[in-house]
Amino acid sequence: MKKVLMLAMAGVMALSITACGGKSSGDGDGKVYKIATDASYAPMESMDKDKIVGFDVDFFDAVMKQAGLNYKLSNTGWDPMLETVKKGDYDAGLSSVSITDERKQTYDFSIPYFESTNMIIVKEGSDIKNATDLKGKKVAVQGSTTADTLMSGIMGATNSDLKKFKSNTLAFQELDKNGVDAAVADIAIVREYAKNNPDKKFVTIEDKQNFGVEYYGVLFPKGSELKAKLDPAIKTIIENGKYAEIYKKWFGEAPNTDALLSAK
Amino acid sequence: MDAIIQVRNLSKSFGTNAVLQDINVDIQPSEVVVVIGPSGSGKSTFLRCLNLLEQPNGGEIVINGQSLMDKKTSITEIRSEVGMVFQQFNLFPHKRVIDNITLAPILVRKWPEEKARAKAMELLDKVGLAEKAEAYPPSLSGGQAQRVAIARALAMEPKIMLFDEPTSALDPEMVGEVLAVMQQLAREGMTMVVVTHEMGFAREVGDRVLFMEQGYVVEEGPPAEVFGSPKQERTRAFLSKVL
Amino acid sequence: MLGGFNFDIIGEYLPLLLKGALLTIGISVASIFLGSLLGLVVGFGKMSRRWFLHYPAVCYVNFFRGTPLYVQILMVHFGLVYAVLGRTNSIVAAITALSLNSAAYSAEIYRAGIQSIDKGQTEAAHSLGMNQSQTMRHIILPQAIKRMIPAFGNEFITLLKDSSLIAIVAAPEIMYWANAMNGQYMRIWEPYLTAALIYFILTYSLNRLLVYIERKV
């Protein structure tokens, strides 16, 4: 009798061990993290046919490899990303999200991983020299970005001369077709657009006074445990040169990693 | 006196279906010609060719000296002289009875409104419906509607009146009032071509009967002859079925 | 706050949403009017037997009914309006795109309405000597229009809701300000439920107006 029981127990234990197995790497944690993005923001994240590509994509891949975690990146769009990450339906948002105090009230952020600022773009021959010149003019931005927030501060959030578009592409189109006098967007985006349209004779203007430095962070739901896992991985990537490698690939120059590491 | 309607070798097909084969008819002024025959014989099509509601494929029609085949002939002119009364009345439901009657004289003959109104009331009186002038067609009985339709056609002062089975859609008790109006018209000397199944009318009022079958005029002659002693076997066969 | 529903931000944006509603109404009315007129022309073109009137009308209807209004708005705003005015104008673009689109649907409503009138009506008119345009004007159209009212009612209500798409080119109408509210405060339900309510009030009013008109005609 005892022998049968022992055999049965052994059998049950063997079964339960095999049931536990699954695709894993590093931690043995089989979980696949769901990451949301708005892939309409070249060169940070955009669609290349049916794949999501960009600086953020390569950067995040390196981070997750460093942390030994599995993930799946989905192009959900900006608003859905904000909503699903807030609720925790998605584990993180990776979408050139600038770290702001307002957003910190609703979300957690990783340590800063990218330095950015906003930039003005106008047509050749424009008399606009800085952001304050934009008062009284027509300006296009992508809605819900820091460019939107900054220009709302300067021009008034309810000013219908500040035209908020669903994407930067539409905002730039509006500038191209003389619907506005200027557009304001992330420096990386503006540079990419100007690079791709050399014949259109655009002029880019930096305004360090009005447009402060911003840092991108990975977006987490409040109280996320993923943050603790990724922050050290991000730090490592930046320190060991992998970050610089990716940065050079996408932007053709070396990043300012000191500023990044000492940023708050 | 020249025939007011002259038809020579009239033919008409709908697609591959030859509905009129070779029609030759002369109709004299003030003559009342009744056209009878089985359905599908082409009687209605023949009638509708006379005011160009159907476009003939071949042959010749001359009305009042004008050729309908001649491109220079004004269709409006022809239709002003040839009135038509339909089986389904076709009154304009959104206009009052009086306006149904005055519309064409005002638009086509360019009459002033008072003249048209006076004529309309005169005609309504004639068909016995003066009190219905302000009514709308949907409120009329079938017999009343058809009498209004006759008045409407007469308002254009046509020389010829065509009737396409005018009583076929009426309840039996109303057939008489319409036939009475048609009989009066005939007495007044109107040239009439009537497609009908009302053999009594044909016999009493018709000057000539045309029997049509499969696109041909099989037999024609005065009613007494065609009904009494038909020459063709086919005429006999048809009559035995309907009389 | 009621279960997390933030009425304050609704209050802040309400004046803009109402201004947006006025713009929506204005754009919709203009587009309905222009679209109905253009639709009559296209409708008659489609009914015509002359090939040079018929085929362009067929292509027009197929194109504007067969492609997304979203795309049409972008093409009109960045293409047509720019080509004509030298710069974009979201309100001109909105009215143009909505009118062109509505005309295609209106053309079909006219065609169906006119062709639903019994042939006997035309035959009676012709037999009395009336020509095509007299017949159309006095006999066919008055009867047909009455039948077309429910279908046009549908079309107008659809157009009013479709006008929300012009937010894509930053026309400051209802949906645009709802998006702005969403962007500024990162809330979904407050802006979009409010917008939906405003649209509902507008379409409901339009519906009652159409019921009144249908009874009067």
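Letters A, B and C mark the chains as written, and numbering starts fresh at 1 in each.
As a working rule, a residue touches a chain if its C-beta (ideal position, glycine included) is under 8 Å from a C-beta of that chain, and two chains touch if they have at least 3 such contacts.
Just so you know, these numbers come straight off a predicted model, no measurement behind them.
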Identity of the most central chain, Cα criterion: C
Most remote chain, CA-based centroid, reference being chain B: A
CA centroid of chain A to CA centroid of chain B, Å: 84
Euclidean distance of C-alpha centroids - chain A vs chain C, Å: 39
Averaged-CA centre spacing for the pair chain C and chain B, given as whole angstrom: 47
Contact footprint of chain C on chain A as seen in their complex: 79, 82-83, 86, 103, 106, 140, 143-144, 148-149, 152, 157-158, 160, 163-166, 170, 173-174, 177-179
Chain C - residues contacting chain A, complex: 13, 16, 78, 82, 86-90, 168-170, 172, 176, 179-180, 182-184, 186, 188
Chain C-facing residues of chain B, complex: 51, 53, 76-77, 79-80, 82-84, 86, 88, 90-94, 103-104, 107-109, 149, 152-153, 156
Chain B partner contacts - residues on chain C that touch it in the complex: 118, 120-121, 123-131, 134, 138-139, 142-143, 146
